[in-house]
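The block underneath contains the structure these notes are about, expressed in structure tokens.
Here the chain labels run A, B, C and D in written order, and each chain numbers its own residues starting at 1.
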Amino acid sequence: MEALKLASREKQSPYTVVEIDSPQGPVRIGEGYCTVIAGPCAVENREEYLLIAQVLKEMGVHILRGGAFKPRSSPYSFMGLGVEGLKILAEARELTGLPVVTEVMDTRDIELISSYADILQVGSRNMQNFSLLQAVGRINKPVILKRGLSATIEEWLLAAEYILSAGNQKLILCERGIRTFESYTRNTLDIGAVVAVKELSHLPIIVDPSHATGRWKMVRPASKAAMVAGADGLMVEVHPYPERALSDGKQSLNPDNFARLWTEVKQLADIEGKHY
Amino acid sequence: MEALKLASREKQSPYTVVEIDSPQGPVRIGEGYCTVIAGPCAVENREEYLLIAQVLKEMGVHILRGGAFKPRSSPYSFMGLGVEGLKILAEARELTGLPVVTEVMDTRDIELISSYADILQVGSRNMQNFSLLQAVGRINKPVILKRGLSATIEEWLLAAEYILSAGNQKLILCERGIRTFESYTRNTLDIGAVVAVKELSHLPIIVDPSHATGRWKMVRPASKAAMVAGADGLMVEVHPYPERALSDGKQSLNPDNFARLWTEVKQLADIEGKHY
Amino acid sequence: MEALKLASREKQSPYTVVEIDSPQGPVRIGEGYCTVIAGPCAVENREEYLLIAQVLKEMGVHILRGGAFKPRSSPYSFMGLGVEGLKILAEARELTGLPVVTEVMDTRDIELISSYADILQVGSRNMQNFSLLQAVGRINKPVILKRGLSATIEEWLLAAEYILSAGNQKLILCERGIRTFESYTRNTLDIGAVVAVKELSHLPIIVDPSHATGRWKMVRPASKAAMVAGADGLMVEVHPYPERALSDGKQSLNPDNFARLWTEVKQLADIEGKHY
Amino acid sequence: MEALKLASREKQSPYTVVEIDSPQGPVRIGEGYCTVIAGPCAVENREEYLLIAQVLKEMGVHILRGGAFKPRSSPYSFMGLGVEGLKILAEARELTGLPVVTEVMDTRDIELISSYADILQVGSRNMQNFSLLQAVGRINKPVILKRGLSATIEEWLLAAEYILSAGNQKLILCERGIRTFESYTRNTLDIGAVVAVKELSHLPIIVDPSHATGRWKMVRPASKAAMVAGADGLMVEVHPYPERALSDGKQSLNPDNFARLWTEVKQLADIEGKHY
């Protein structure tokens, strides 16, 4: 992949570890670490979010996730709480000391979201929203860049190149499944992409097993597969009551199932020599 | 497709014909018309653009195309002339009397681009950039919405629903090929999507045979196929000297080949009872 | 496509026209012809088959189709009438004077089927059943080779190469849609493949719009698109009573709708200068 | 998946463990076991095959693989040694005491191959060769059924249903990657399919990481991912000298790299409580 420059492992020094500031000191994502991000798809209400945040904190999760601005296929679906959601995220961070990540969808929202969140996420549908890539490349916050629904590995790394070349080196990639003909799963987890990215790039790569499978029963085995394939972390949807989630309920774990996942993943992280 | 409301043919009155203002009176796109948009992928320099604009005008093309802000997979590729490109487009419009269409990639650029162009295009990579969809939904300019690289027909129509529900009814869909395993062609022209959209929606649909095939030799037969399958128009890349185009040269027609295409397409439009 | 030898247009003389013997003299498929094959998916019973055969004959169809041995995803589905179906096909040929085509799925059946049918079809699922390809390559009967569900154009032409290199030059290719993520249509008609095959190979190529779309309303526009894209013919599912067909009812035309298709296709064939 | 009967876990007793006879007693594949099949893509010559067979035996591999009849996209590629290859396989079995598996492509070859091999493999290209499925369903030998290049999980299980309903219950499924738009890897390993099959069916499922990735460096992490996702075993291409293999050299491991893979996989099998 000749077009790669700043994202290339060959052309840069090996393996970047991104540090995320948090009230409790830096959280790291990259080679040698197994970092877990968890939380509900969307921030739906204050009480439930603070509850799940504390539960996850006690389980040893490193970073909280929660959508305030939600990309939805239909304009008639729940779109998130917006600024109110950001405030709840900030409160959860205060409460738990954990950094929070949330999605940004519009260049005009970057400043606002940056004032609340520790990490900004660029979602799959915006992986080739080049204006947004350039804009998050000019801020001084870590960014998670999800792979596009049908992006090749090369296109994904070139999208990363947009952010890096604009100046922001705190970049984390996230494989979240690709679109194929298979319809039993929501997407097809491309485990080979994890291996490929570790080979081609120095950037950290994590896996979102929730979107990659779309079925909560598959999230645990998919997470374990990601870990032994070389992923540097996971981003998992956990909801206190998945059956009444406003979005992605079918792919969300309840806290008990997440606890089992995390126990089994840590066992594998030990074997792989990864810190958590 | 229950989620459809404003884009649904069943729920709305049949077939919308979009009118585009131009110095020479309105240009129409929709059922009963065969409307052709042509021009180079990008506006590369003033002289060549004005030259090709006049040639196309004389051939009977209805609308000129040309990219000023270009979405490119790599940040190191030619990205268009920006504002200078917009000015050249405006000059071509003055010269020919034809309306012009160009792509918008950032919500912050909508006002600027609207002041130069007659139609705004939302590209494939931004089909689910919901902020952009909502923003172009709030202006009073026709919009062309290209299908995403791997968007289902339903997702595409729901993206249209974003624009319609924000208030803008001057919307035209554009099929430009989807991503499949086949690598001989750049994309796979989904001719069935044209038929499906005419069945499901009242919105006009045009076809971009240049991106759909990626090979100039295939553009003419693909255009003819689109016409008899029910497309309301075409958007074709034509460059005065394809071999030295800064982008998409391989899929661009020279004026002679475009002339042959247009002759054969008009013959089919006559059979189908479409005005041009 | 360097691996191509006998299927390559460049390396062989231009455009093969395959002649099929019939009681009424030869039927031709290839450049310059628009040849139509029609009939129900499966031969279901004698009376209905003879009826539709005569109707199709009167409409000017050139070749009759009908499955006697049906490939079905589930072993519990209707699999065709077997030898009894072959006998009905032979009777229809007697009655109408038209040649008949039917599918062969097993090397052991080739001799049997050859004794009843004029053309043998190798179906999509067997496109890379190399034993079968070699075996039909050794007989002296025309063969229709359908494209595999997710075969690249190159793999398809290499499958053709198997038949040609075994000695049988009476070979016709049939595009029948490929598998993609789109689920509104049964498959995605790859109209570009028609253009590509005419460019790369001298072999005749026809299109099966019934399988390519899976919806009868889409069959007519898809057929027209195939014709102007350069296809040498069509293979269309027509059933006297689609609503009670034992297979593929949703994609089958009734005789009236087929008549309309055929009228419109002939109009296009005239423009393209194709005999029918 | 209502159409499933004999392959369904819900409708049948839980988890089948297939027993394969061998000079050294039965080898088992199924829930609770981690069974490894290894060997070169094709049997290329006697000396090298016997050498690698002994090396693999000493490493603790359970079953030997090697193609005698090779399915190749082009008729001009190396197609295997045929009967001579079968004889070498039988000799390797004598020498090592390990059972051997080889591919069958033609119903007419089943008896011949059965007289040499302990397991018959139906390859991806023949997954919907229903005659072959029915024929191997009538023998009393274990069968490995590979997933088709673009088969859905449902189609794959229905193909299994063909074999089971014909009488043969000694059936093992093999995921070997599916065809997607991604071209960096030869195929896309569908790790979710492993999880899905364990959920939907009682049949054993193994993974072929060599075809699924097409790159030897990716085979080890892909194998580990398969193991923790629930696979009952692996089928890995190992060649004494990959750089001069007549087929699949790029995806073949040399013995040293395979040894490392096997060590790491066994460590995971211990954690998962699987025998090997």
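The rule we apply is simple: a contact is a pair of C-beta atoms (placed from the backbone, for glycine too) under 8 Å apart; a residue touches a chain by one contact, two chains touch by 3 or more.
Remember, it's a predicted structure, so these values are computed and weren't measured experimentally.
Asker: Strictly by the touch rule at the top, which chains does subunit A share as contacts with subunit C?
Answerer: B, D
Asker: Compared with subunit A, which chain's mean CA position is the farthest off?
Answerer: C
Asker: Express in whole angstrom the distance between the two chain centres, defined as the mean CA positions of subunit B and subunit D.
Answerer: 49
Asker: Taking each chain's centre as its mean C-alpha position, how far apart are subunit A and subunit D in Å?
Answerer: Going by mean C-alpha positions, subunit A sits 35 Å from subunit D.
Asker: For subunit B, write out the residues touching at least two other chains, lowest number first.
Answerer: Within subunit B, residues 150, 154, 179-181, 183 contact more than one other chain.
Asker: In the complex of these two chains, what residues of subunit C are touching subunit B?
Answerer: Contact set of subunit C toward subunit B: 150, 152-154, 178, 180-185, 188-196, 199, 212-213, 217-218, 221-222, 224-230, 267-268, 271.
Asker: If you look only at subunit D, which of its residues touch subunit C in the complex?
Answerer: Where subunit D meets subunit C, its residues are 3, 5, 71-76, 105-109, 125-126, 128-132, 134, 148-150, 154-155, 158-159, 161-162, 165-166, 179.
Asker: In the complex of these two chains, what residues of subunit D are touching subunit B?
Answerer: 150, 179-181, 183
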